[in-house]
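Listed after this line are the structures, all set down as C-alpha cells.
The two complexes that follow have chain A in common; it is paired with chain B in the first and with chain C in the second.
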Partner chain A sequence: MRSLPTGQYIPGHSLLHQLDARVKILCFFILMAAVIGASSLWGYALVLAVLALLILFSRLPLRCAVAPVRRISWFLLVILLMNALFFGGEDVLASWGIFRLSYGGIKQGFRVVTNVVLILILGNLLTMTTLPTQVTAALESLGKPLKFIGVPTEEVAMILSVALQFIPILMEEAELIKMAQTARGARFESRKLSERAASFLPLVVPIFISAFRRAEELSLAMEARGYRNAKNRTKREKEPLAASDYSALTVCAFICLLQFFLLP
Partner chain B sequence: MAIKIENVSYSYRQYAGETVEALKNISFTIETGDFTGIMGPTGSGKTTLVQLMAGLRAPTGGRVYVNGEDINAKGYDKSSLRQRVGVVFQYPEYQLFAATVEKDVAFGLKYSGLSRRKVTARVRWALETMGFDFEKIRDQSPLALSGGEKRRVAIAGVIVTKPQILIFDEPIAGLDPCGRENFLQFVKQMNQTGTTIIMVSHNMEALAEYTRHLLVLEKGRLVDSGPTREVFARLKQRKTGVLAQTKAQRIVTLLAAGGKLALSPAIVTYDDLLSALKQELAGGGRG
Partner chain C sequence: MTKMSSVKLSIITAICIGLCVVLPMAFHAIPNGGILFSPMHIPVLLCGLICGWSYGLLCGLAGPLLSTLITGMPPVAYLPPMMVELAAYGLVCGVMIKLVRTKKLYADLYISLMVALLAGRIVAGIARALIFAPGSYTLAAWTTSYFVMTWPGIILQLVIVPAVVAALMKAKLIPEWYPAQD
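Showing the complex of A and B:
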C-alpha cells in the first residue's frame, strides 16, 4: 500500500522548504499561468528550465518529484488519444468513422499532456516542501479578502486542516483493517474479480465507521477545549516575509511576464 | 514445531530511501501446543513480528516456517495458512462490518468449502465459546453491541476457522478486570484443547501466570527467550526497568530492600509469593 510517497511532505532544509507557504502558493499560481501561456517551443523550454531548477533547489530525489506523473500515466495517454482523435482540424492524416486523426490534434494532445505534467510536478513540489498545516494557514491568510463577501475563510481553513490530518490516520487504519480481514481470509489480491469485490465491503464499512467515530471524538474534543466558530482566532506563528520570499515572487513574476510578452 | 523464525529482519521504507529497521535478525521456535508470550516496550517490533508470523508481511531477510513450510516460498498456498493461523489484532472490534453477527462471524469460512449447515454449526460453536446465546445474538447488528460484546464477536470471527495457531496482539487492553479474567480463561481453555497460543501483552501478571515460554523484544532485537519463570528471573537481574517485572516480584524487591524479609528470588506470580509467605509464617512459628 505504501509505495512511493506522492505529494507527501518530505522534511528538509532546502531553499524551497524555507520559503513562506503563502509565497509558495502564489508562485505556484504564477508559474502555472506561465505554463499555460507557453505557446512555442521556446516558451516550453523556459518553463522546463525553471522546473528543472526548482527540482534542483528542492533537493528532492528526481524519482519522488516526478512520481505522480507515473501514477496517472494511463490517464495522460487517454487525454492524448482523445485530443488526437477528436480535435478535428484541417490536416487530417487518417479517419475511421467518427475518429479523425489530425496533425493539429496530435499537437494539441501533446500540449495538453505537457501542461498537465508540468503543473502536476509544480504542485507536487509545493506539497512535498510545505507542511500541510502551513498550506492551510497560508490559504486562510491568502483568502482573507474573501471574508468581505461573506466567505467563511477561517472555517474553510479549519475544515481543510482537519481533513488533511485525517488522511494519514485513515490510511494507516485502512492498512491495519486490510491486514485483519486478510488474516480472516479476505482475498484482496485474488485474480478473480468476484473474490476481490467480496473483499470490498469488509474493508470499506470499518473504515467509514472509524472515520465517523474519529470525527465525533474530535468534535467533542474541540468543543471541550472551547472551540467556537466565527471567532477571531489568534495564530501561533506569525512571521513576516523575508527578503528571499520577495525575491522568489519577483523572479516568478518576471518569468510569467517573459512568457506572455517577450517570447513568441 | 508450529512456527520457526529463522534470522528474520524487517525494515519499513519511509521517505525517499530512508528505512527503519523494525526487526533485526531474530530467530526462535514455537512448539506445537505451547503457550508463548511476547513482551517488550512499545515500538519494539511486537506487532510487526505478529504480522510476519501470520504471513501478512514478507520479511526483508530470513525465513518464516509454519508447520515446517516456508510460508513466503513461491507457490505456497496462503489461503490454507489463513485457515490454520488465526490472528486477533489490537481492537479487533474495529473490523466488524456485516449486517448481522452471524454473517460477520461466518466471513472467515467463505472459502472453506463447508456446507451451509456446517458453517452454521461452526458459527454457533464460535459464538457459544465466546459466551453468547447463539439464537439471541445471531440476527443482531454487530455494530449495535457494547464494546466488550463487539470484541467477543470479533474474536468469534477469528476462532470460527478452528485455527491450529492463534495469535493475540494485546488482547486484554481496554478490558475491565472481569472481562480480562474471562478472556484469559478462554485462551487457557483453547490452549488445553491443543491450540498453539501466542500472546503479545504488556500485562506482566497475565504473562507470568498463563504463558509457558516468553520472548522479550527490545528495539527490534530478541533480547531474551525461554521458559517464562526463567525469563522473569533474568529480567529482574537485568534491571531493564520496573515494567518488566510482575507486581509479586516488585513486592519481593521492596521487602528485601528494607532488610525486612529476604524471600526467594524465584518468586514470579502471586501464587509463588503466597506460598513463600505461608512457609515463612510456618517457619517463624517454629522458631
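Showing the complex of A and C:
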C-alpha cells in the first residue's frame, strides 16, 4: 500500500510535463470527444496515431502508459462478452438460452472496449505528467464560471488541497491500524466472505475515529488562527499560457474537427 | 443537533475525500475487497450524513475524481458514472437526514441510508442508460451490477456507517443529534 499504483505523477521535463495543467485538462476532454466520435477504422487510426505521438512526447515508458489497461484486462473481457452475448440484433451467429451471440454485439463490444482503453491511456498520460496539486489549481481556475451559479470555488479548492495533503497521513494511519488488527487476529485473507466482511469493522471504525480526530485538531487550529473562509485568501498570480499551450489546444481542436467533420 | 462551524465541516469533507482515496487502497490488500465491499461509498455516505447535502455532493464528486488522479482507480472511462452515483449518495443522504426526524438515532440513520443507497443506484442506472451507454444498457445489467454483485457492500455499509456515526458521537468528535437520549 505504501507504493502508489499506476496513474501517479512521474516527474519529468518532457513537452507534456511542461504544458499548463489547465490546457492538459481541456486537451484531455477534447481528445476524449475525438475518441467517442470515432466511427470508422480511419477514425480509430487517427486517435491511435495521436496517442502514440503523445506517449512519445511524454518520454514515459510504454509499459507505464498502458499499465492500467493490463490491470483491468479481465474487466474488459467481461464487457466484451456482455456486449457480444446480450446486445441482440438480427445477425445472430449462435444462441444458448438467454445468450445470443451476434455480429452486431461483437462489433459493439470491440468498440466499447477500444474506447475504454484509449480513454484510459489518455487519462493515465494526464495524471502521470501533472502533479495532483496542479490539477486541483487548474480545476479551480477552470471552474471559475461556476461562481455565477453560486458554487464557492475557493472553498472547494481549499477542501481539495487539504484532502490532498491528508492522503499520505491517512495512508500511513490505515497501514498502522491494519497491522495492529492483523496482530490482534483479524482474518483479512480468509476465504469465507462473512469472515472477510467481519474483518472490515475493526479496520474501518478506528480509521474514521483517527481521521476525524485529525480533522477536529486542524479545524480548531485554523479557527484559532483567525481562518474564517477561503473567499478572502490571497494567492500567487497564475502564470499566463505560453505559445506551446495555445499550440497544443489548437492541434487538439483540429484533431477533433477532423474526426467529426472530415473523416468518413 | 448542535451546529458545527463551516471550517470544521470543510475539513471533515476534506478528510472524507482523502478517505475515498485511502480506504479502497487499504481494502485492496483484502482479496476482492474493493469490488465486493465498495469502500469508497462509506466516506461519501458519512459526509452526507454528518456535514449535509452540499458537502456530501462535493465529496461524492471529488472523491472518485481524486482517486483516479492519484491511484488510477477507478479508471477514467468509469469515472463519470461513478461520480454521478456517489454524488447522488452524498446528496440524498444529506437531504434525508435533514428531513427524517424520528427521535431515534439509528432509525434516522437507517432510513436515510437505505433511501440514499436506492436513489444513488437509480440515478446511476438512469445516467448510464441515457448518457454513458445509451442503447446498450439493460435492466438486467443494472440489477446485476448494482444489486447482485454488490450485495455484500450494501450490507457492510448498512452495518459500518451507523457504527461509525455512533463511535464518532461517543468520542465527541461530532455533536450528538439527540443528547437527551443518553
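Operating definition for what follows: the second predicted complex is superposed on the first by the 237 of 264 C-alpha atoms of A that agree within 3 Å, B and C clash if a C-alpha of one lies under 4 Å from a C-alpha of the other, contacts with A are read in each partner's own complex, and residues count from 1 in each chain.
Here, a contact is a pair of C-beta atoms (placed from the backbone, for glycine too) under 8 Å apart; a residue touches a chain by one contact, two chains touch by 3 or more.
The model shown is predicted, which means the values in this text are computed figures rather than measured ones.
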First (chain B), second (chain C), both or neither touched by A:209: both
First (chain B), second (chain C), both or neither touched by A:10: first
Which of chain B and chain C A:201 touches, first, second, both or neither: both
Partner chain in contact with A:63 - chain B first, chain C second, else both or neither: first
Of chain C and chain B, partner touching more chain A residues: C
Chain B versus chain C as contact partner of A:176, first or second or both or neither: first
First, second, both or neither for A:184, with chain B first and chain C second: first
Overlapping contact positions on chain A, where the chain C interface meets the chain B interface: 5, 201, 205, 209
Chain A partner contacts - residues on chain B that touch it in the complex: 13, 15-17, 51, 54, 56, 79, 82-83, 85-87, 89, 92, 94-98, 107-112, 143, 157-158, 161
Residues on chain A engaged by chain C in the complex (per definition of touch): 1, 4-8, 67-68, 71-72, 82-83, 86-87, 108, 112, 115-116, 119-120, 122-124, 127, 132, 135, 155-156, 158-160, 162-164, 166-167, 170-171, 174-175, 178, 188-189, 193, 196-197, 199-201, 203-205, 207-209, 211-216, 218-219, 222-223, 227-230
Of chain A, residues touching chain B in the complex: 2, 5, 10-11, 60-61, 63-64, 173, 176-177, 179-187, 195, 198, 201-202, 205-206, 209-210
Residue ranges of chain C touching chain A (in the complex, touch as defined): 5-8, 10-15, 17-19, 21-23, 25-31, 33, 36-37, 39, 42, 46, 58, 62, 66, 68-73, 75-77, 79, 133, 136, 138, 140-141, 152, 155-156, 159-160, 163-164, 167-168, 171, 173-174
